[in-house]
Amino acid sequence: MEHHSKEEKLQNPIRQAKIIENMSVDDLVHAIDGCAFGAGKLADAVDIYTEMLGGGSTSFFGLAGAMVPAGMRQIVADLIRDGYIDVLVTTGANMVHEIVESMGLHHYKGCCECDDIELKNDEINRIYDVYLPEPYFVDFEEKMKAILSEIGSETISIRELMTHLGNNIDDRNSILKIAADMNVPVYCPAIQDSMIGLQAWLYKQTRPLNVDAFADMREIIDICYQAKNPGALLIGGGVPKNYIFQSMLISHQEFEYAIQLTMDTPETGGLSGATLDEARSWGKVSETARSVTVHSDATITLPILVAAARSRLAKM
Amino acid sequence: MEHHSKEEKLQNPIRQAKIIENMSVDDLVHAIDGCAFGAGKLADAVDIYTEMLGGGSTSFFGLAGAMVPAGMRQIVADLIRDGYIDVLVTTGANMVHEIVESMGLHHYKGCCECDDIELKNDEINRIYDVYLPEPYFVDFEEKMKAILSEIGSETISIRELMTHLGNNIDDRNSILKIAADMNVPVYCPAIQDSMIGLQAWLYKQTRPLNVDAFADMREIIDICYQAKNPGALLIGGGVPKNYIFQSMLISHQEFEYAIQLTMDTPETGGLSGATLDEARSWGKVSETARSVTVHSDATITLPILVAAARSRLAKM
Amino acid sequence: MEHHSKEEKLQNPIRQAKIIENMSVDDLVHAIDGCAFGAGKLADAVDIYTEMLGGGSTSFFGLAGAMVPAGMRQIVADLIRDGYIDVLVTTGANMVHEIVESMGLHHYKGCCECDDIELKNDEINRIYDVYLPEPYFVDFEEKMKAILSEIGSETISIRELMTHLGNNIDDRNSILKIAADMNVPVYCPAIQDSMIGLQAWLYKQTRPLNVDAFADMREIIDICYQAKNPGALLIGGGVPKNYIFQSMLISHQEFEYAIQLTMDTPETGGLSGATLDEARSWGKVSETARSVTVHSDATITLPILVAAARSRLAKM
Amino acid sequence: MEHHSKEEKLQNPIRQAKIIENMSVDDLVHAIDGCAFGAGKLADAVDIYTEMLGGGSTSFFGLAGAMVPAGMRQIVADLIRDGYIDVLVTTGANMVHEIVESMGLHHYKGCCECDDIELKNDEINRIYDVYLPEPYFVDFEEKMKAILSEIGSETISIRELMTHLGNNIDDRNSILKIAADMNVPVYCPAIQDSMIGLQAWLYKQTRPLNVDAFADMREIIDICYQAKNPGALLIGGGVPKNYIFQSMLISHQEFEYAIQLTMDTPETGGLSGATLDEARSWGKVSETARSVTVHSDATITLPILVAAARSRLAKM
């Protein structure tokens, strides 16, 4: 916590946002740059993300929440393709839905106020207002069986499993495929907590599959050791946030940039909603890091953040 | 709740958002139009707001929360000036801060993690990450005294008080002034719950001031009676949301359009977070109304909504 | 913000809660007294509330949210009857539902996941998981007409209107009746924002009714001037929270005790979720006040707080 | 979604809670049984949990969030000891803090509004309002080294690692020890996402440690297959919630009882806040299951739930 003089505290007048037709996303972010609350924080996030991506920071991306089913897959895939993500840490569920999409199968826009028994009878699984036909998991099982059968009996890490999945996906918009092509590691610590885990279990009933729970740690910690001005963009909290932070912590480096886009708040005491200041007490985020948390729906703030940062990077 | 066949449920595939540099806000909204969660809902809100504003709907605007200190004043002022708000219902606090801004005094961008005792010693009042110098209230008092002294002893309504305030403001960006100029009524049911109320109390110590608590109701209910395809955009909940809804209810009309931009959720049982479906059980919102709630920071979603809707209206 | 030495920071070990059968509520609060997060804060709230009620503090009670429909009416009524509330500030809606209950009419436990169109066809109004038969408002109208007709044409304050309502209620569990009997003032700044307001409007169509919007302020500010170690228990935020705080502010006194039971969080920037530290920057809450916010459902925390504080007060 | 006649909808009047001194926790739960919002839901949760524990249900317990640092460790340990938990699924972090406590080291009650840089300089790590001295992790490392060194080079599952940890803990209040003694399996899918993972990594630098990421799945799915009227109590969401639900799903059984104590709400679309109705669309929770979500701080609701259910079970 910095202490400022009274004069320093009153240096930046709120500038009332002027919103006009046909403005670009970056214009809009500049228009809310002088505002407070979430608007001002989102504008800060754009500044920080632009500096982080433009300055050669080693860039970590934490992807929790059901972001792929919600429509954020292409944004993540494009960020990897364009070199803006060096390390992706995500959840098993996002990777399941990413594989489903890569098979040409779709998620559907549904309704969050509905009759779930009726959905069950229709064999439709619901994720808030997203519908997914249950029979898709039969296709998914076939796909997974085929991919897993090409893994030998040697022990591999979860990251190697993710790379193997990516190498066996034929879809140019696939997060996993692009990551594999670009040599961007994808970590997924709780992989067994997903339909991928279930398929692995089914597969292991009859054939060997040896995935070491701890084998990734050396690799990600090495990346942290060698990271340059590391920065983290965290979508939601969960395992990705903690795993990114603890890996940096153990490497005795600290994040110099940190952005959280989340609806979680600190009051529950859980890590997902914990402030980035709390992370400073641990040495996960440096004392002088540029950091901001935007408490707002990430399916809204992520597209704005990326659109504005890309616009600025294009001018550099 | 509508019931659809399985085929109808699976008609709209999620379209993964494609975000590119230099895109316009409206392009961005189109890009997230096929997404789910808050993104899809915000895109729906833009559709609904455009139809509502473009189709001659009687347009109600509920403004709760500290939106003026946060930088949303100009957006509201411009919407009134351009004929997009027919009725404004707001809180006393927003009107206090609107008057402060109209005097050329500023709010300042501060910090939400700070030492409030230090702020108190610096005579700075805090509103989340907004700072307001306490001495401004001395200027505000002078301004209010001057304005109130021109009101006679006849009984007036709160709306008439708001119009009187607007007529005595000399700032072309003032919500109250523009509303007064455009004959847009501003209702502020809990006006005494604000610094305006405190000034009114001080003034009443020595001179007559008669503001009738119930005098507004006939007027707003008459507007509701005569409303054409009424629509409501509600920023936050609070008194503005309820007052707009109950006025429409008593007029035996119903809202045909309703948009909520709020972080409040239904689980507390309070009206602020209540769903728009709940409002249907009361007959506040019609069975067939187009409605959506976007659970996200309104200082982010309001600028996007307005920028995109204005872009579309300009093309009509 | 206090600064402590490292030793001071590590003085109070977390005591793991031991929960056993047949324990009393006060035992449970003692059991969670050494816990963190909401549990520790609730235990603090019990300490503060007991000291506040036991020590002769002038006791303000802010009641927002739909607490009467949810079943919290008796708790408030009993606190008034037993002398634990000196000033009640509440919403019009709570007073409407209080009058409905006083007429022997009931609210009903319903379901929050329901078909609101079906409810509308059944003439049932929904408040989250509470159902209220719409025809009750016909009875309510008759009751209000009868009560209002006994008010003359002189100008009265909203508080006087509340007292008049209380004097005309025949139900020994009525908040308004007990408050009137005990000379406890009930303030309801946004009274027109409720069915009481609508009835007042209907009544004013044919007969005089003059309620001054600002007439209460002198009275509540005088109470604040004369208050002794004032304390506030705030259920939810909204108008009651602000009105209580601004009245104390203008009196140049400060609250020495402040407890918030709310689900609102600070991130939206609105007053409802604002921290009590923020209130210190304004001088609403004193630098040395004992204060705590419990972020948890108030229909759970209020009963616990009252049960535990009453148990302790009984032993004093 | 059930459809009821109008008469059925209006069968259960809200009963206003009567709160008196010296009442027991179970009395309090009975007092709020007729209330709505969180109060009514908590009372439902007590009914469901009592039936679930009293009727021989196979009982799953999901423990997310920083519940052990906050003081909920003893409650969980006692539930296992008394046979009320058949399967525990938790996070690595909770198990780290459980081991720290088992070593006689303490967490400390701190402050959530503090100077995190000062804390860092004091070598204190913060978890909301809990402080943990950083040097404790040196002791933790020694302890882990000693325990891990007794594991051979054969491949084990994460559950076996947890059992091994429990067998090497000497503290009669330890969750892990009691679970090991009682043959209650502890699953911790994201174990590498914790300080245990970091210690495992350090250990693996020099010695073999083979923990199979997928080896647990057969075991937990077998438990699900054989479960009798399975029930789940979920504290927070996260990996524990999903892992419990997906294991039951794959076994083609469904939960007949499900209770969530959480502050997460559905609007973000993430699994943590997803409704139990959503789980019905997947077949994770049965159509006819008794289920309830209490949106309130779990450090408050868990002690009440357990105190009241234990009181009722003691009378059976």
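Note that the chains take the letters A, B, C and D in the order they are written out, and that residue 1 is the start of every chain.
Assume a residue touches a chain if its C-beta (ideal position, glycine included) is under 8 Å from a C-beta of that chain, and two chains touch if they have at least 3 such contacts.
Note that the structure is predicted; figures quoted are calculated from it, not measured.
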Handout entry: Selected interface, A-B versus A-C, where C-beta contact pairs are more numerous
Key = A-B
Completion exercise
Here the gap between chain B and chain C, centre to centre from mean Cα coordinates and rounded to Å, is 25
Handout entry: Separation of mean Cα positions, chain C and chain A [Å, integer]
Key = 42
Handout entry: Computed distance of Cα centres, chain B from chain A, in Å
Key = 33
Exercise for the section: Would you pick out the residues of chain A that each touch at least 2 other chains? Expected result: 1, 36-38, 66, 69-70, 113, 115, 118-119, 124, 127-130, 263, 267-269, 277, 295, 297-299
Problem - Category of the chain touch graph - line, ring, star, complete, other - result: complete
Practice task
Would you pull the chain B residues touching chain A in the complex into a rising list?
Solution key: 1, 3, 6, 9-28, 31-32, 34-40, 42, 66, 69-75, 78, 101, 106-110, 113-115, 118-119, 122-124, 127-131, 133, 173, 263, 275, 277, 294-301, 303-304, 306-307, 310-311, 313-314
Handout entry: Contact set on chain C toward chain B in their complex
Key = 1, 64-66, 69-70, 93, 112, 115-120, 124-130, 134, 155, 158, 189-195, 197-198, 200-201, 204-205, 209-214, 216-218, 221, 236, 238-239, 242-243, 246, 250, 263-264, 266-272, 274, 277-278, 280-283, 287, 297-299
Handout entry: Interfacial residue positions of chain B with respect to chain D in the complex
Key = 1, 36-38, 113, 265, 267-269, 295
